Amino acid sequence: MKSTIPLVIGCFVGWFAFGELYVPHEDYRWVFEFLRDQAQILAAMAFILGGINVIQVNYPKIRRREADWQYKVVLLVGAVAMGTAGLRWHALGGEADSGSMAVSGTAAVGTGYATLAFDSADRDALVIIDGAPPVRAWHSGNPSDITKPPGDQALSVQLRPGEHVITVRKPVEGYAKHEVSILVADNEPTSAKYEILKRWVELLPAAAAVLPINVAPGQVVTVSTDLVMYWGAGSPHGRVFTWMYDHIFFPCNATMFALLAFFIASAAFRAFRARNTESALLLGAAILVMIGLVPIGRAMSPIFPEIEEWIMDTLNTTGRRAIMMGAALGAIATGLRVILGIERSHLGSD
Amino acid sequence: MNARLKIIVPIGVTIGVAAIAFLWRGNVEPSRWFTLEGPRAMYVAIVAAMAALLYYYLFRARRGDEIYIRRIAGVDAIEESVGRSTEMGRPVLYVTGVEDITNIQTIASLLVLGQVAEMTAEYDTELKVANFYPITMVVAEEIVKQGYTNAGRPDAHKPQNVMFISSEQFAFAAGVNGIILRDQPATNIYIGRFFAESLILAETGYLTKAIQIAGTAEITQLPFFIAACDYTLIGEEMYAVSAYMTRESRLLAMLKSTDVIKAFVIALLLAGAVFATYNHLAGSHEPWDLGGWLVGK
Amino acid sequence: MAAEQKDWLQKLQTFDRRWIFLAMGVAIIAPLFAPLNLPVAPSAMVKSAYYTVEDLKEGDRVLLSLDMDPASTPELEPYYRAVLLQLKRKKVKIVIATTWYAAPPLVERWLSSTVEGRIIKQGDSSYHGIPDDPYVKNEDYVWLGFREGREATINGMATDIRGTFDNQAADGTPLDDIEIMNGIESLADFDLIVMVSAGYPGIKEYIQQAQGRGNLRMVGACTAVSVPEYTPYYNSGQLLGLVGGMSKAAEYEKLVGKIGTATQGTDVLNLGHVVVISAILFGNFIFFAGQRRRRTLRSGKV
Amino acid sequence: MGHLSAIDLFGYWLGIFLTFAILSFLYKDNPVYKIAEHLFIGVSIGYVVTLQYFDVIKPKLVENLAEGNLRYLIGLALALMLFVKAVSKRWSWLGRYPIGFVVGFYAGLQINGVQADLTKQMEPAMSSVVVDKVNVNADPAEALQLLPGMNPSIAKRIVEVRAEKPFASIDEIDEIPGLPQWQLDDLEEARGAFNGLDAQASVSSGDTFWFGTFAKLLMLMGLIASLVYFYFSVEHKGAIGKVSRFGVWVLMIGFGAAFGYTVQGRLALAIGRALDVLGRDKDPALAAQIDGGVVAVISIVVIVGGIVAWELLLRRRRESDTNK
């Protein structure tokens, strides 16, 4: 009873899934997709069990101070940190520098316009003026000049009289953006009258309205800000999450993958030995294909790439075909064993 | 059952089903509730023939007829290596591949795991199972428990030895590497679907002088397993292993029925090639396009 | 004498594989600092890809689809840079899109450095061709951004590219206001489609979803592993050129005349293959030497 | 780029350090590698759990339930049964329901999935063994462009040229007027009596492409022999043994080729890693700030120092153990 009902359920949904190819009716599809959703939900919920399992396996080792327990702490801390970063708590990134705006009027940089300067630790920020294509904060204003050494200059852009919206954001997602509206007064070249109405950081995009500050021509407005990282996952991607992904997960992942280049060489050394006809064929084909694939082989003789192509087209295709066909038959039989209810070892016996 | 019948029945079943499918093609009007368009007729034929053969051989096996299965090198190796692990007092590591339970190779791997668990329970050797997906872990845990129960030692089963490592390919590889290096299993068994991590695992296993047995139907990874492991179950052999190991009637029946279909496939391939060559030499007229029929042209 | 001989063979038989790791490490690092510039001879598929782009005229419009993620950059970025230089120096207008969700951060970084900037830096002595000029957003190029839906997105682009991208570029500019999008309703209106594709969805899906609707001109680049899968499309003429993997990208760089990371990388590939082949030969040498020794010992005993 | 913020700069450095920490595994298992390994695994677990939540659980379960689609309680109930298994021995049999459901469902689905492998692989093998040469004077452009050295534009040109004056011999193929020089060069390079243009193309119909025929025959026999290798019901002795041996050979050559083929891709990944560390794939200004080369050297020094210290420590501990 305890295993018969699950067996029946398994057979039933198994045949139902099998029938999906033969019944085009949309009601059938609907049920099928619903069942597939449930299976996916189940698999996803199992990740919670997976998490519990990781703790069950590692925590006792830490508690009992088994060998290498320190590393298990690293593992658990890494998992918890990444998992928490994945939560969408945007504001928890901390109230960093909210950004500021200073206007200096002494230097008569020019007449008829004010000058926008930028000063911030976040010099790799983009400055968007009135929705125009962003200028990089470190830019001298010439968009083609991308090799300019860092720290050389600050942004300096002319602002004509009128109202301008200045947005500062990071070129990568996951940061708050800083936005301000600047009103450059008309024709008051010598006036030192200015007012900072509000400094303001927008934590969530498209939040409150932008408040303007007044600047007179000839003055320099300096926008200065440290852009706050968003915390969490999702879109917009939390920066803490992406930071951990970019600088821990990605390099480790890529390096593990890169280890293969080394292991291939050592496997070739110790395993590709012509012990018998089979292994001789294996290594012979491997060498021919390897020579044919690199330019050096082509440079030696154009026959190598041709041999490589021929082996790939004929013998490799044949072997591939045989394995796919055999494996397909094995897989059909294994699948049938399950959905015919012949196989029940995954369901226990009592 | 007399000898002649033993041959006639499976052949009759296969050819009969194939003939029905052949006659059916195009004759079933596709409706909203049922369609045999394209290659579906052929698919149904294969599944129907396989199911019929399964039951036929199951019936014969239960009657006590002897069913012959040839040796598969990797299978004996599994038993030997579990014995060796016992002697050395080191655990056996079983990796179920990096695919979810959605893949039939994973399901096949889990079925083999059942036999391995039974074996380790009998030998009283520790069995560690590394899983890529939690759902696989849950099923693997149930299967291992069942294996220990079958061996009469349910108390020896340690649930925490069936582990979820990580669902990220190379993090998983790193985790399994860690187990290989630090728990020093004397036997590593990799059965299921594998990708690029295959060589990382197998080369690390080589470092610890473990006996390594691999099985996959993943063509791109087979060369790496063949190079780096002691035994490799190639493609279909992986599905056949559990049958050979237990010699249980239901599994032998499965092997037999796939073999009958395989023989039929070989015959079909030959016939198709002969017909096509004949057509080619005789000009363009095509009385029998078997290949086209298969894919539902 | 015999004892001495035994020593070297025994030493070899217990050869530490870490020496091979070291050899491989050197093979990977050294060419990056001291390029060997081994000969690169462009193959037919690469030449075909190059000359298809070369056939474009100033002002022609090209769709550049970057369907990839950071993991595939070593194999695909060199081609992207080379083909972009080629397009820019021909002053071709470029429309850029992607169907991979992992692509936009990468692509946006590339846009500001390679499209809006110069690929050929001033004073670059290694390049002798026509230099490229910075492109201006929404005037010389458009970045459409990413849309979810995989082949459905490509299908949408094949029928109604404006609708698929909600009638606006990634920065929100309405497509109607962008001159180079004038008259472009679907993929068929482009003079060429250039695909940089790391897998699914990619070249195959473009061909399946779009090629059938009109005789589109398409060239593409893919990773080395995908070459067997895509070669049939070149053979059948659906794809006018295919640049598969790093070594082919190096061939493309040679044709374009700008040496980049693929050429450096191909040095590594050459050396790496030599290391692997030497490892096989060396392993077999040890193996056969050992066998011969055993045989002579045995015959000596008898 | 301008100044990277400290946290991002530190991030790049950390990435480079972790790269070498993992590479140190090539020397041997060591504490530095272990730290990197455990950190990586931990972060990856956090990562996949987060993704599962946002990709599956939230859109499929949470949002559906919030909208009142109560049928999604089935998924939740199945999941809860799975959890019971983890906490209670007595009720753990409840876990078999979800297992039966999920294994059964995917087993059924996969049968359809692999069917196509079988028939799609059978079809091309069932074509004619005898392969004819392509007739450049008659066959359509689609057939011509498959020839070595050809491409669609050459094929189109050939069709145009032959309409005016048919080719008298294959030698004329690399002198077709109106083709750019590089294509003519390609055509000339593709000539060859064995498997090249001369072997595969002719100016009349019905000639046999012998090498192609041989390859076709080899493929068919190889395929059948390999399938015989997977035949379990008979002992592989005598004639069947020989056939299955031949099948194994074909498989082995195929595997060797696949091995050789994959090497390039794997090497490219290692190269990518090296380029990334050295900053060659980055904006020069950004690369200059990160200064990957220097950081790499520092990382290597730190890691080597760490490993040496660890080995000395181990040795001392071992010595003191033996002294005791």
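Odds and ends about this structure:
A, B, C and D are the chain letters, set down in written order, and residue numbers restart from 1 in every chain.
Criterion: a contact is a pair of C-beta atoms (placed from the backbone, for glycine too) under 8 Å apart; a residue touches a chain by one contact, two chains touch by 3 or more.
Bear in mind the structure is a predicted one, so any value in this text is a computation, not a measurement.
With steps allowed only between chains in touch, the distance from subunit C over to subunit D comes to 1. Most remote from subunit C, judged by the distance between CA-atom centroids, is B. The distance from the centre of subunit A to the centre of subunit D, with each centre set as the mean of the Cα atoms, comes to 21 Å.
For this pair, subunit B with subunit C, the centres built from the Cα atoms lie 37 Å apart. Each of the following residues of subunit C touches two or more other chains: 21, 24-25, 28, 109, 113, 225, 228, 247, 269, 272-273, 276. With touch defined as above, residues shared between interfaces to two or more other chains in subunit D number as follows: 22, 25-26, 34, 37-38, 40-41, 43-45, 47-48, 82, 96, 98-99, 102-103, 106-107, 109-112, 114-115, 118, 122, 125, 223, 227, 230, 251-252, 254-256, 258-259, 261-264, 266-267, 269-270, 272, 283.
With touch defined as above, residues shared between interfaces to two or more other chains in subunit A number as follows: 18, 21, 39, 42-43, 46-50, 54, 68, 136, 146-147, 249-250, 252-254, 256-257, 259-262, 264, 266, 268, 270-272, 282-283, 286-287, 290, 293-294, 312, 319-320, 322-327, 329, 331-332, 334-336, 338, 346-348.
In summary, the structure contains touching chain pairs A-B, A-C, A-D, B-D, C-D. For subunit C in complex with subunit D, the touching residues are 18, 21, 24-25, 28-29, 32, 44, 47-48, 51, 73-75, 77, 109, 113, 223-225, 228, 234-237, 240, 245-247, 261, 264-265, 268-269, 272-273, 276. Of all residues in subunit B, only 30, 32-36, 40, 43-44, 46-47, 50-51, 54, 58, 100-102, 104-105, 107-108, 110-111, 114, 133-135, 137-139, 142-143, 145-147, 149-150, 160, 163-164, 167-171, 173-174, 182, 196-197, 199-200, 202-203, 206, 217, 219, 222-224, 226-228, 234-236, 238-240, 250-251, 253-255, 257-258, 261-262, 265 touch subunit A in the complex they form.
If you check the complex, the residues on subunit B that touch subunit D are 39, 42-43, 46-47, 68-70, 72, 101-104, 107, 135, 138-139, 141-142, 165-168, 170-171, 174-175, 177-178, 181-182, 196, 219-220, 222-224, 226-227, 234-237, 240, 244, 255-256, 258-259, 262-263, 265-266, 268-270, 272-273, 275-277, 279-281, 290-292, 294-295. Residues of subunit D that touch subunit B in their complex: 22, 25, 29, 34, 37-38, 40-41, 43-45, 47-48, 82, 85, 95-96, 98-99, 102-103, 106-107, 109-116, 118-120, 122-130, 132, 220, 223-224, 227-228, 230-236, 251-252, 254-256, 258-259, 262, 266.
Per the touch definition, subunit D reaches subunit C in the complex via residues 26-27, 141-142, 145-146, 149, 151-153, 155, 180, 182, 186, 190, 261-265, 267-272, 274-275, 278, 280-281, 283.
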